[in-house]
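Chain IDs A, B, C and D follow the sequence of writing; residue 1 opens each chain.
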Amino acid sequence: QPYPNVGRPATAKEIKAWDIDVRPDFKGLPPGSGSVAKGTEVWEAKCASCHGVFGESNEVFAPLVGGTTKEDIASGRVARLTDPSFPGRTTLMKLSTLSTLWDYIHRAMPWTQPKSLTPDEVYSVTAYLLNLGGVVPDDFVLSQQNMAEVQKRLPNRNGMRTDHGLWPGKSPGNGGKPDVQATACMKDCGPEPQLASFLPEHARNAHGNLAEQNRAVGAQHGADTTRPAGA
Amino acid sequence: QPYPNVGRPATAKEIKAWDIDVRPDFKGLPPGSGSVAKGTEVWEAKCASCHGVFGESNEVFAPLVGGTTKEDIASGRVARLTDPSFPGRTTLMKLSTLSTLWDYIHRAMPWTQPKSLTPDEVYSVTAYLLNLGGVVPDDFVLSQQNMAEVQKRLPNRNGMRTDHGLWPGKSPGNGGKPDVQATACMKDCGPEPQLASFLPEHARNAHGNLAEQNRAVGAQHGADTTRPAGA
Amino acid sequence: PRALATANPVDPQGGDPNILELPEHSRGLGQPVATDGYGKPSKYEANVQRRQSPGLTQTTQASVSFAPLQSLFGIVTPSGLHFERHHQGWWDIDPSKHRLMINGSDERLLKKPMVFTLDELMRLPSVSRFHFIECGANTGMEWGNVAVPTCQYSHGMLSCSEFTGVPLKLLFDMAGVDYKKARYVLGEGADGSSMTRTLPMELVESGEVLVAYGQNGEMLRPENGYPLRLVVPGVQGVSWVKYLRRIEVGDQPYGAKDEVLHYIDLMPDGRHRQYTSIQECKSVVTTPSGGQVLLDKGFYNITGLAWSGRGKIKRVDVSVDGGRNWRSARLETPVLSKCLTRFNLDWVWDGKPALIQSRAMDETGYVQPSYRQLRAVRGTRSIYHNNAIQTWLVQESGEVKNVQLAG
Amino acid sequence: PRALATANPVDPQGGDPNILELPEHSRGLGQPVATDGYGKPSKYEANVQRRQSPGLTQTTQASVSFAPLQSLFGIVTPSGLHFERHHQGWWDIDPSKHRLMINGSDERLLKKPMVFTLDELMRLPSVSRFHFIECGANTGMEWGNVAVPTCQYSHGMLSCSEFTGVPLKLLFDMAGVDYKKARYVLGEGADGSSMTRTLPMELVESGEVLVAYGQNGEMLRPENGYPLRLVVPGVQGVSWVKYLRRIEVGDQPYGAKDEVLHYIDLMPDGRHRQYTSIQECKSVVTTPSGGQVLLDKGFYNITGLAWSGRGKIKRVDVSVDGGRNWRSARLETPVLSKCLTRFNLDWVWDGKPALIQSRAMDETGYVQPSYRQLRAVRGTRSIYHNNAIQTWLVQESGEVKNVQLAG
C-alpha cells in the first residue's frame, strides 16, 4: 500500500448508482422492456416538444429519424450517406450500435431532466424511434432479451470503419499510420494560387462587427464590417 | 532600416517633457534655486500634512530626517547604522547622493500631486529637509550651482558598498560572485534542530482567519485561527 | 492601405500631445493594492472575449464558444478565454461533495473498486504539464468552403494550459487493474450529459493521461470541468471528460454517443470512421488573420500557433505567396510535446495582395497537408479533424480575408 | 491529528449519499456557453485571493499584496493572483494614447531618439518566455525572526508568467545605441511615482530584457503595468518598470530613489549594499505550509517552488527532520532559466512532529543557504534578498507552523 490513508473501497450500492454504461455487447443493460405503444406516450409527453412528434424536428437538434430505407436494413449500410448532395444526417442514419441509443437516452434525456426515465421508459422510447425508422413493427416490445436481435436490423450497423490512424492505441485501427501524406516543398511549389472560396459580401457582418472583436491596439485592428469592404 | 514604417524620431520638446531624471553627477538637473525659508513655506503647505512639520512623521511613511549627527557629516558615514538596536532608518540616514532626493521629490511628490512642483520649489524643500538634518544652515539657498558642494556634506555619502555579487553587470560590483556559500549535505547534517522563533499565540489570528485563506478542499485545509491552537 | 496609419506623425518643432501634456496618471495617485483580490483585464481589453458563432448551434447549452486566438500571445490561453464546449450546460460543482469512482466492467479486470474525495486526490503525487486541447470539430465548418470570417471562429476551439493532476496510471495501480485484460478505459462526467468516451489503455500506461484539478496555477474553471477533468494529451477535447465522476476499465470499446453519432468522420464511400481521436499536426497564422486590417505598409511580425497530437513540433514554414515559396519561422521555446508552439516570422509588406499560409511539421516527420491533399483522401464531409493549411488574403486595402485556394 | 479526517468512511452495506443520491447537476440542465465572455474561477475558490499583510504598510497605494502560493499549482501564476507592488497606486492606462520613448543621456550615446506607439511595438518581432518575478523584499519580514504565519505572506511577492514582448536590444539597435559608451540603461514608468531603475547594458545585450505587453497569453494586467512593462529575468521586481514610458541609455548608474533609499541591503558594518539586484537561488515548500492543517496521517505529496536569478534549477532537496537528512525531489518539466520550477516529493506522515524544509541548487552550483549561513555574512537587517531555507513545523495536531531553527 504505497499511499496509506488515501481513498477507500467503493461499495456495491455506490457502483450500482453510478455504473450505468451500456456497451455494444449490451453488458450493463438493465432488465426491463417497453412497447412501441408505450413509447409513443412517453415520447409525446417528454420528447416531442423538442424533437418533434415524429423525431423529425431540427429546431433544437438534427432530426433523429429519416433517411433510411428497407434496403439499408437489409444491407446494414445507409445508402444515402454515399450521396454528397443529401442534406443532413439523422441519428438513425449513423447509428451502428443499438446500445449507444439506449445508453444515451438513459443517461442524458430528456435534456432538461436527464436520468429521470425508468429503464422501461427507455426501452419504450427506443422502440418508438426504431419503429419510426421502420426497424421494428408497430406492435414490437423491446427488451433486454431482444436488443441483440434488433441490433442485426440497424440500417447502418455496417457503416463504421476503424481502418485508420487516428486511434491512439493498438486496436482498433491501423496503429497510428497517417492517411494523408504531404511534403514540405520550399521553392516554386504547386500551381499558381487561385482563389476558390471566400465569404460573400452579404455575409460581411454576419458574425458581428469585427472591429469590436479585435483589441483596440495592435499591429492590426479589426475591420469595421458595418461598412462595405474598402469603404 | 530593417523595420520600415515602425517608430519615429522623438522631437526635442518631447524629450524635454519626459527626460526628467537627475543623475548623481547632476546631469539633468534644471537651473533654479530655493531657500530654506521658501522651503519651509512649501513644506508646510504641501508636505507636512503627511510627513509631519519636521519630517518626523511615520504616520504614512518612515521619518525623512533624524538619526544623523555632525560627526556623520564630517565622516560621511551615519554611525547609528552600525547600531542594531537603533529602531528605524530615516531617509537622511540612508541618502548617499543628493541628486536622488531632488529627482524623487521632483518626479513623485507631493504623493497625490506628483510633478506639480516647479524646480525652484524642489530646490527649496530639499534645502528645508537638509536644514532639518543640519546639513545646511538656516539661511541657505540651494541651487543648481551648489548641489555638488552640498553633496560633500551628506551624512551618509560614504555609506554605500558595491563590492558584492548581486549586480547583474560587470560594474559596479564583483561581477556576480555570491557572498554566501552553502553545501548540499544529504545525511546526518548540522546540529540537532532546535526551535528558535515562532509566532506567539496572541498573534495567531493577527493575519485573519487562516481557514478562510486556504481552498475549501485539498490535502491540507486552513487552520481555524479564531479558536486557540489545538482546540 | 486605408488612411488608418498610426505611425503617429508629429511636427518636428512640436510633438505628440500624449507626451507634451502629461497624462492624469503621471500627475495623480492611483488605486490601492488588492482593489481586486482576484484581478481582471484592463477595461480597454473588452473586445477580447470568447464568442459563439452565430447560427452554428440551436441551443446555447449544447454549444461552443470560441477562443479569440487573433488577440492572444505566446502559448498559454488565459483561463477566462479558454474555449467552451458543453453538451448539457456547465455547472459550478461543490468540490467537497464531489467524488471520483474507479471501477471495472467486471471483477476480473480490477481488484478493488475505489472512491476518492478531492481532499484525497490532492494528497497523491501530482504532475504539472503544458498541453493543448483542441475540439475534434475545430475548423469543421470549413471542410467544404470558407464559412467564417476570423481565426476565432475557424480555429478557436483550441486552448493550451498548464494542467496539474494525478497520473491515472497511479490510481489504476492502487485499484489493482489487470493491465493484460483491461485494454480500454471509460471516462464519465457528472453533468447532465454524463459524457462518456473510451480511451486505449496504452495512453494511460504512457503516464500521460491525468486526472486533473489544476489549470494554469489555479483550479479548473467551472466551464472546463471544475473540480476534476481528464487530461488526454494529443487527443480531441471531447475525450477530456469534464466534471469527471467515474473511470471504468473494460475489455472492449464502449460505443458512447460521441463515438457512434458524433465525432465520427464521414468518408467519401459513405462510411464513417469511428474512434478517430488523435489531433494531427496543424498550424494557423493568428496575426495577420481574417477580419483584421493592416494599418500601413512596412514591417510586420507574422505570428501563429502550431501543434501536434503526436508529439513535438519540429518546424513551421510560412508562405506569403499562397504556397509557392516558403520560409521557416522562428519557434518560441520551450517546444513541448502535445503542446502549442508559437512561431514568428519577419515580413515587410509592400502593400500588394499577399496570401499568407503556415505549414507545420511534427517530430514524426508528418507534414500538415493542403486542402487539396486532405480532401483527396477524406472528401469534404468529415466535419472532424480538419487540419488543412489555412490561407489568409491580405488585400491592397490592408483588410485580411479568409480564403481557400483552388486545386 | 484532529478529527477532521475526510477519508470519507462509509457503511460497506450502504454508501456515500453524495454518490447514492444523484446531485442536481447530474439531473438537470446547466448554464449556456459564453455566460461569461471572460470567465472567472468557481465560487468555491473564493478563499484563493491576493492579500495585504496587516500592518506592513501605512498606505494602500504604496503597498503590497501577496500571491496565495499555498493554493497554487504548477508554475504559472494566474494573472488575477499575481502579486502587486505599487508606489503610487495602479492605473488602467488607455493603450492607444500610451507612448514609449527611447533616448540617450546625451547625443553621443544614441543616434536617434525615438517614439513608439503600441500599434508599432506590436508590429516588431516578438518573443514569449516564462520567467519568475520576485520582489527584492520578499521574505524580508523574516530576516530577524518569524513574523508572519503563512507562505502567502512569507514568500508571496513571487509570481511567474509567460511574457511576450520585443527584446529591448532590438529597439536600441533601431535607435542606434553606442554600446561601447552606453553601459547603463534607465527604465522609467508613466505613473505618479514614475519609478526609475538602472540596468546594466550587459543584460540588454544578452537579449533577455523585454519591453513586454503580453502576460499569460493576454495583455499585462493594469496592476502589472498595462500596457507596457520591462521584463528583466532574474532581477528583482522593482526593476521590471511598469507603465513603461521611457528608456534612456547612459554612461553611469542613475542613483534612483529605489537604488539609494530602498532596495539597499544594510550590512552588519552599517553600510548598505547598493545596486543589489539579482534574486539568488531560493525555494519554498508551499504545501504543507504555515497555517494549514493535515487532516490525517498517511501519504502526502510535499510540493513547492524553486527558482534562481542566475539560471536553471538543477536540484531541490527536501528534509522532514529539520535539515538533518535530505531527499532529492522530482522536478517538473520544463525546467526553464530564471523561471519557477515546481518540485514534488512523496511523504508518509506518521503523525509525529516534523520539520519540513527545501533547499534548491541552481546550474551555477550555488546552494540555497540556511538562516545561519546567510546571517553569518549579512546579519539580520538587510530587508532585501532573504533567500534562506524556510522551515515549517508540522505539529502532532496536524497544524503547520512557520518556525526558525537555532544556530
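One rule holds in what follows: contacts are C-beta pairs under 8 Å (C-beta built on N, C-alpha and C of every residue); 3 or more make two chains touch, one makes a residue touch a chain.
Quick caveat: nothing in here was measured; it's all calculated off a predicted structure.
Using the contact threshold fixed earlier, the set of chains in contact with both chain A and chain B is C, D.
The most distant chain from chain C is B, comparing centres defined as mean Cα coordinates.
Averaged C-alpha coordinates give centres for chain C and chain D that are 27 Å from one another. If you average the CA atoms of chain B and of chain D, the two centres end up 22 Å from each other. Distance from the chain A centre to the chain D centre is 47 Å, each centre being the mean of its Cα atoms.
Counting only residues that touch two or more partner chains, chain C has 7-8, 10, 16, 19, 26-29, 44-45, 48-49, 51, 71, 88, 95-96, 101, 115, 117, 119-120, 122-124, 192, 194, 219, 227, 245, 295, 298-301. The residues of chain A that reach two or more other chains are 2-3, 6, 8-10, 14, 18, 111, 114-115, 215-219, 221, listed in rising order. Because contacts link the chains in a way that matches no line, ring, star or complete pattern, their graph is best described as other.
Each chain pair that touches appears in this list: A-C, A-D, B-C, B-D, C-D.
Within the complex, the chain C residues that touch chain B are 7-16, 19-20, 22, 26-29, 95-96, 117-119, 122-123, 219, 227, 296-299, 348.
By the touch criterion stated above, chain C contacts chain D in their complex at residues 6-8, 10, 16, 18-19, 23, 25-45, 48-52, 60-61, 63-65, 71-82, 84-86, 88-99, 101, 115, 117, 119-120, 122-130, 162-164, 190-192, 194, 213-214, 216-219, 221-223, 226-227, 243, 245, 295, 298-301, 303, 330, 332-334, 336, 342, 344, 346. Residues 2-6, 8-11, 13-14, 17-18, 111-116, 215-219, 221 of chain A are the ones touching chain D in the complex.
Interface of chain A with chain C (complex): residues 2-3, 6-10, 14-15, 18-21, 23-25, 27-28, 58-61, 77-84, 89, 91, 94-97, 99-100, 103-104, 107-108, 111, 114-115, 159-162, 164-173, 176, 178-199, 203-204, 206-208, 210, 212-223, 225, 229-230.
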